[in-house]
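Labels run A, B, C and D following the written order; every chain starts at residue 1.
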């Protein structure tokens, strides 16, 4: 339940009282108070009910994922990093290879990413692979290469964290944490990422509903970190013959209405096919995406992982101006 | 299997020979020959194999849905009607109410549709309703009103046919047949529509794979009618809380690669929510859709059927210029 | 809305009054009155509300699929045909080839089916094939063979009808109509089958919800035919590598609670794999299925259609006693 | 690729040579050698090919999840714990509350579970909750209560582990680790559980394919722990109105054919509805399940978590004899 007060002071006064009464999971944002787990005023303690001003508005939904909701926080969240702005009417471009392969390669990728006008260098050093015998990433060595490449090119570094046990290591290097689709409901990991303040890019799980995704983001905010952005990356449906996943492009406007957090789209994973990445990216911004995530590789067929969905820097460079035009047209 | 010959004459010669040998389901388009059910040259009759030129190319896939395939017919199919052009680099706008409600209303709708620059007036007189006690459409009376309204406004009329038994009646009035998602694999209906030459707008079934859709279109072509266009209208997935269906926007570029038939998107049905129709339409053209289908109503909440997904003519009028810009940008 | 009265007479009296008031879609079964489209007593005409006894019970759900609901008709529907009993605590076995292939073969199959203790001979003469160039069934010739075979072996004949235009022809021969998954929402066909009294076996559509299936059955009952039984045959999900469809075995107890109509399972189509047909049948009866449908063929690999899912009569003969034991154990 | 040799000695000899050549991911079981990542003999080093006996058999599939495959290990894996036997023709019953609530309650539950003839006491102290503000389990306190209750009643203790960081703590108490559906592809956790030898009950993810599940189990085996059993607990499909998930009962016979690991079914989670738990359990054993997992509670509506799917001990006690009969009938 979200209660909208006439003034910030009234909101703060009620929150103080609720906390004094021992209530938990109560949050305030300007003149709005969120009380997790409550659906109506009648369920609140009597003394609070009696004390509420009469000219409040109640936003019933959602009962639970309150801090992420636009009802609680009407204005867009805009996340600032050293090199990037994520959210609002910005179009954030994240690009890089699927995996860190070696030092020279990520350096070259970083330079390319910079030239594309992107500000965030992605790349995996810990790879969530379906099969245990597949390449699992370079680990710490990869992080070192990635950091150096990002620094040299003056880019933010973004990399996936797969486990709480890797937190200290990954945290030593990265600027932005990525949580992969398979870990979207790894609640232990979400809690750890909620207890620090670096931005977290949270990918939607393969069969996660919109509500599941919002609840996962709420975990991070509940533990104190408001710097979360969401990434649609395709869902699992009945037809996987021509695309690896099904890009749920309508999740973008749905999420933009429900939450203030920035919404990005990874059309590389969503489609899994090189020739669909650009159409997917265009559709994403046309639907309101505030950012895009691309896997690039100068020789996609030689990529260590997922070459089938990597596009060349040249392809991306040619497509970006049109993508930006669509974005601007939609944001007007 | 598709065999590409050097010349049209060679292709025709081989086809004649195959037919003389009693082979069925053999088709020729310029220098390309499609033989349904065959996957490789080695499976053909010996005498044909011996007689094939050496410089042919073989397109293995698809084995079955051959006439609809771009491998057989590389150039886009463009369907011309009295008022419309569907396919190629045109952007076809189909609009109208979900159901024909009365004469005055469809007349008003027709005028509005005309002013929007759309050329096809949609509207249902036979409605596929989940429940038997719901409004089932005005039937013949609706067709009469629809025809008059379309004629007065100089628009093409497009309406749904639900059964072979309605063919003569619907055929007396409509310019374009619509096959609904629930009838996509009503093979008897597809055969009847294949035996006449009016255009058929074939909607993708709720859980139809891309291959299912292409095979359904092949039914119509197999019986003689090449004037088919395909309409993505959302698929059924695990999350239907915020959208009625999941718009499979990537089906658009996938289909444009696999088939020469025009690909349209109905973002009204795909999303089922008024505020998502325009974002869905933008995403569709950004992904390469050659046309859009809209349910409009001047008072959506008073619509007989599916008011929740109807938009007002004003909303559409404001959005169309931007949609056309995206379309032009992508088609360049 | 279902209203439960103390006596049948009271129920009849209210129904008479409702009909006199011009209300439609009102049905009575003993002391229960169903009013389609109404959710609460307050929505009824004032004069009816004033006249209702005070000791009625209201069953709110479902609003629409009322005649099929167990709330309206608490006792199991039991359908009697010349040779079979479908529903209640009977276990109905339907068996036969996927397609009628020729006279001798269906005669042989009929004999085999008889020996298995099954009472219904299935077989398709009109086949819903995904691709237009596939074998489409023998048509009328197949119906003739099928009828003769069933008569000779003293079995009921059950065959699929795909279109309203085939009704007179199929009706001339068959005892039981089958509606396939792809036609579950072919509402024109359902209406025609509702206007006659032969039993209809209605297969669940590939992505039909439980409510969709009940509404489809309601179409048949709404037009006058109460002899409907439902067949779960697998749904479409994200994994089709090892089974053609996903047998939704829990649909059986769910449906048995919601409806009085008999619930059968076709584990041949649900699994699509020979070695899974018997485990699927066992699971079905363990979950409460009142009948089973099998595709059999003495040489599965030589079957015209779907040989991969056909089992031999020997396999079925060996498995049936165990299946019957599970059924009896569960029905106790 | 699995290579079947005539003798164990031959198999061992080839493995030794492969390892000497520096090949990784090579495993031997009696006369069978698994080489992960290889699909055919022609891909092996020349010297190995030259040296292979001629009378070997090759099992091509699967390429990757080799150690879990029945092709590699034809006989059923049977896991022995202090009180239980899991796998083979045993029917293992796991029961207990969803969550550990307090000491007295789990003691009472343990006594009840014992009386039911079950040998494993389940119960969660770390709960994977969708929403951060829900009850998250008693943590260490719960583990202590759980351990004491299990010891007193002479039962094995089984509890969920959600994160690598909890390993030492959970390991101090539990006999059997449970990995929940949301963590099925938490590869870091799987690796840690692979590096110890206690049995691991691995639940299938909500949208995990059969192959995904086998690959997840392979992670545990790849790191050294062969004591893995798999638990089907329902998948996410398009219809969640009447059941929380869709019990994929055919996954049971499919998995029993593909793998030697024991296959259990959790019909509490699969259905999410109290009245469907027993039908689901019956269907599971009818399909070949080697064990069942139940959530029980003496007052389901007062349960801390998921009371809607808990059954009372009485209901389970009445159903178990019939379930065992079906199991015996199928195992014969």
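Simple rule for what comes next: contacts are C-beta pairs under 8 Å (C-beta built on N, C-alpha and C of every residue); 3 or more make two chains touch, one makes a residue touch a chain.
Not measured: the values here are computed from a predicted model.
Trainee: Just to confirm, which listed pair, A-B, A-C or A-D, duplicates the contacts seen in B-C for more than half of them?
Mentor: So the equivalent interface, with over half the same contact pairs, is A-D.
Trainee: Once you count every C-beta pair in contact for both, which comes out on top, B-D or C-D?
Mentor: By the number of C-beta pairs in contact, the winner is C-D.
Trainee: For chain B and chain D, what's the span in angstrom between their mean Cα positions?
Mentor: About 47 Å, centre to centre.
Trainee: Could you please state the distance in Å, as a whole number, between where the Cα atoms of chain A are centred and where those of chain D are centred?
Mentor: Chain centres of chain A and chain D, defined by C-alpha means, are spaced 32 Å apart.
Trainee: CA centre of chain C versus CA centre of chain D: separation in Å?
Mentor: 36
Trainee: Where in chain C do residues touch two or more of the other chains?
Mentor: 207, 211, 236-238
Trainee: Give every residue of chain A touching chain B within the complex, in rising order.
Mentor: The touching residues are 207, 209-211, 235, 237-239, 241-243, 246-250, 252-254, 257-258, 270-271, 275-276, 279-280, 282-288, 322, 325-326, 329-330, 332.
Trainee: Report the residues of chain B in contact with chain C in the complex, numbered from low to high.
Mentor: By the definition above, chain B touches chain C via 24-25, 36-37, 64-65, 128-134, 162-166, 182-183, 185-189, 191, 206-207, 211-212, 215, 218-219, 222-223, 236.
Trainee: Contact residues on chain C for chain A in the complex?
Mentor: Residues 207, 236-238, 240.
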